[in-house]
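Common to both upcoming complexes is subunit A, partnered first by subunit B, then by subunit C.
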Partner chain A sequence: MKDMLRSFRIFTGNYTLKTVFQMLLAFVAVFAAITLLSLIPVEDESFAEGFLTAFLPAFSLFLPLCGVFLLNAIYSYNNPITPGFKYFHSLPDSDTAYAQAIAAANLFTLIIMVLGVTGHYIYSVFAPFPLSPMISAALALLTTGITNFIGNVKNQWVRIFSVMPIFCLAGFASGFSSAMLEDGERIPDTVIWISLGVAIAVYVAGLVYALATCKKKWRRE
Partner chain B sequence: MDSILTAKGLTKKYSKFTLGGLDFEIPRGFATALIGANGAGKTTLIDTLCGVIRATSGEVTYFGEDTDIEEAAIREKIGYCASSSFFPQGWTAKDIAMSMELAFDSFNREKFRTLCEQLDVDSDITKKPKPMYKQSDGNRMRLSLAAVFARETDLLILDEPGSSLDPLMRDRLCDRLREYLDDGNGEKSIVFSTHNIADMENAADYAIFMDKGRIIESGFVEDLKDKYIIARGEAADYDKAKHLLMSHSKNRTVFDGLALAENAEELARLGVDSEAPTLQQLSIGLLKYAEETR
Partner chain C sequence: MKVLKYLFRRSFQSRWLANLLTFILVVAAMVLVFVLHEDRGSEDYLICKVTPHAVGMMFAFINFIVLIADVTGNRLMRSAPISPSLRTFGIPMYCTIIGGGIAFVINVAYTVFCLASGHDVLHISDMLVFSAAVTALVIISGTLCLNIAYGSIVMIYAWMPIGLLGFIVPDGVWKNGFGLPLWAGVLIFIGAVVVSAVISFAASQIIYKKVDFKPLPQTNVPHA
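Here is the complex of A and B:
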């Protein structure tokens, strides 16, 4: 654990964690601002309700995904076009440090994900919220798993097209949930648990693949 | 020659460029300049020597005994600095100090601070230090050099350290390189690359000239100055002398060019004067010759 944190700090300095923390704060602030705005009494409440139902579910999906930025930051240093590539590749035991930093980034991603999903859950207890926190968690795990699979791929198009379906899926899930809520229904629990199970499987497979191959990929140049 | 680094058949192949196979030695206790035009392969060679990229084939012996750059002990002894974008763009001096302190046993934070002060850049105790992307190329290089010099190393490998520095700072860098060698009592060595040796002529003891991925000449600067001459004559004498010149430049009245010192007497008989070349003249002459005979 100590080595993992050491390696993570070698790769991120203070900068990356600070950026992710700022991003989290920004999300929470926007979330809180929208919630407060929705509490202001207005004549036509249907607009506020519609806005909340459509916007918040999509927005809430991004909160658990903040951790993925950490993971991507570490992976990016294995791309020669990224500033820092040469510094990190010249370090003693750089391949081991890279593997440990990826493990640590996964850990931090999970922690951020748990915090995000918990926040999402707490919010859904107090306000009508169409999207299940479990769906939100499943999508975050799926994205992290895919990020672990494609982390060392240099081709930007492959990277974009690999993650794009997840964002489409996120939009589809929030739209679908909102529509169901309007009809007084929710996504069945079985679907939610199956989604979560698939996402956990993809995440674990991605993590195992990343840790098994990252040293070799670090030395490929 | 007592070498700190020896390469045999060192080759790095890319789809459109091949470095090598190179056989060369870097003398212990001296500063070696890698000189070549843009695209000669200096950076590829440096990156290969420092383990940033892997050689396709060949072997490098470091410090007379080890051949595996993956060994942490070798990397601890090498101070490497790339020509640009060495550190992540969002990093400040604080991030650099933290990362290097964790990565290298010999990184000295106090020394880093002092060097940053001397080089007039932000240090890890500067309030609100600027990230790399907000700094000029010159300041980024100064900060990178401060980080490298803050470690205890036996071999410095610097890629174009002077290219983004102003003349005064280049002069200070040359002094700093000489101090590094003097502190090492003949045990410490430096390799630096440059495409413009004029600014760092005083820093080089040994020179390796490169063209299109191969070494075209190498040796101690003083020996090379004995081996070659710069010939100067009237334009009218050019046709008689041209078979003795390796490369030349000519206008309507005069010509000059690089020639082997062994031809000095024959050139003198033709009425052509000769003098010892500067490293800059040697570089231009040899690189021109390589280009013409490619």
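Here is the complex of A and C:
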């Protein structure tokens, strides 16, 4: 654990981790502020309701995003266009440090996702939040798994078009959920559990693939 | 110029595909505005003016977000020898060029559309007012985001004013516009760009004095 933390800090310092935690806190602040605002009684409630059911799910897209930030911060050091590429490759045992940093980034991402999903769940208990916390957890796990698969790929087409469908999926999921909430329906439980199962499978496969191949890919550059 | 070259090379040459895709989105938003154009008195009159700028903001922010990894997020760039000029000149200049540039492109396209299709110039001046507000927001938030340690937090709050426009702008204005003459619109836009650029340069000077992003002392570097 200590080694993992040290390896992570060799590459990014404390900078990236603090940034992501701060962004998470910023989102919590936004959610809390909007919840408090929506509790204030106003004459015209249509705008507040519309805001909650349509605009707010866009914020929950942050959970899939947190799978990308921390991992890409480490993976980018295996790309020759990144400043510091040669320096980090010249360090002794840099391949081991790279593998440990990836493991640490995955661990931190998982912690952030658990925090985010818990916050999302607490929010959905108190306010009529359309997107199920399980769906956003599934999307976050799916993004993290795919980011692990494409971490060392340099082709921009592959990188962008493999992650982009997840964000489109997140948009569609929040749109459908909002529409269903207006009709008084919910996404069926079977769909939620199947998507969560698929996401966990992709996440585990991505993690195993990344840890198994990262040393070889670091040495190849 | 060296730092500007570095920033543009990092955001446009290395990530040309992300830029291309978001620029296609800007063009698509413009085409939608041309097709679904509403005249004064309609409820959606001002929505046509806001939409392309919201997408243009996304184009600018994509550039800023990818640059975080190369400027403040990169461990070596925080203490590189070009750090002083990067932080006090490069970043505010880059944000001004990107923010002002995309707003300029959108406004020119909209002006050509209005003149070609015979709409009056009040449409253009209404567009320019929103353009001024969004461009100022983009320039200042981009500078803060790229210059402060952990500054990417700015990106989350920078979107909020666009979402709050429904509260700020009264109903009558949504239907009939601001009714300003064209010269006033142009003046507001240019003024907003200049003022926000000045604020960005001043802010980055102050931030550089406070933040710990300094080049390493040369005595610590071993001779080859």
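The definition used in the following text is that the second predicted complex is superposed on the first by the 216 of 221 C-alpha atoms of A that agree within 3 Å, B and C clash if a C-alpha of one lies under 4 Å from a C-alpha of the other, contacts with A are read in each partner's own complex, and residues count from 1 in each chain.
In this section, a residue touches a chain if its C-beta (ideal position, glycine included) is under 8 Å from a C-beta of that chain, and two chains touch if they have at least 3 such contacts.
Note that the structure is a prediction, hence the values are computed from the model and not measured.
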Subunit B and subunit C placed together on subunit A: clash or fit? clash
Discussion item. With both complexes superposed on chain A, which partner does A:93 reach: first (subunit B), second (subunit C), both or neither?
Written reply: first
- Using the superposition on chain A described above, determine whether A:157 touches subunit B (first), subunit C (second), both, or neither. second
- Message: Which partner chains sit in contact with A:6 here, subunit B, subunit C, both or neither? Use first/second/both/neither.
- Response: first
- Based on the superposed arrangement, let me know which partner A:15 touches: subunit B (first), subunit C (second), both, or neither? both
| request: Kindly classify A:72 by the partners it touches after superposition: subunit B alone (first), subunit C alone (second), both, or neither? | output: second
Q. Between subunit B (first) and subunit C (second), which does A:219 come into contact with in this model arrangement: first, second, both, or neither?
A. first
Inset, instruction - Could you look at A:23 and tell me whether it touches subunit B, subunit C, both or neither (first, second, both, neither)? - result: second
*For A:84, is the partner it touches subunit B (first), subunit C (second), both, or none of the two (neither)?*
both
Query raised in the report: Looking at the overlay, what does A:118 touch: subunit B (first), subunit C (second), both, or neither?
Result: neither
Superposed model, subunit C vs subunit B, clash-positive stretch out of 57-65, 75-83, 111-119 or 129-137 is 75-83
The shared contact residues of subunit A with subunit B and subunit C are 11, 13, 15-16, 19, 82-84, 87
Listed in rising order, subunit C residues that touch subunit A in their complex are 14-18, 21, 68-70, 72-78, 80, 149-150, 152-153, 156-157, 160, 163, 166-167
In their shared complex, subunit B is touched by residues of subunit A numbered 6, 9-11, 13-16, 19, 77, 82-87, 89-95, 97, 219-221
The residues of subunit A that touch subunit C in their complex are 11-13, 15-16, 18-19, 22-23, 26-27, 30, 47, 51, 55, 72-73, 76, 81-84, 87, 156-157, 160
Subunit B residues touching subunit A in their complex are 47, 50-54, 70, 72-73, 75-76, 78, 80, 82, 85-92, 94-96, 98-99, 102-104, 131-132
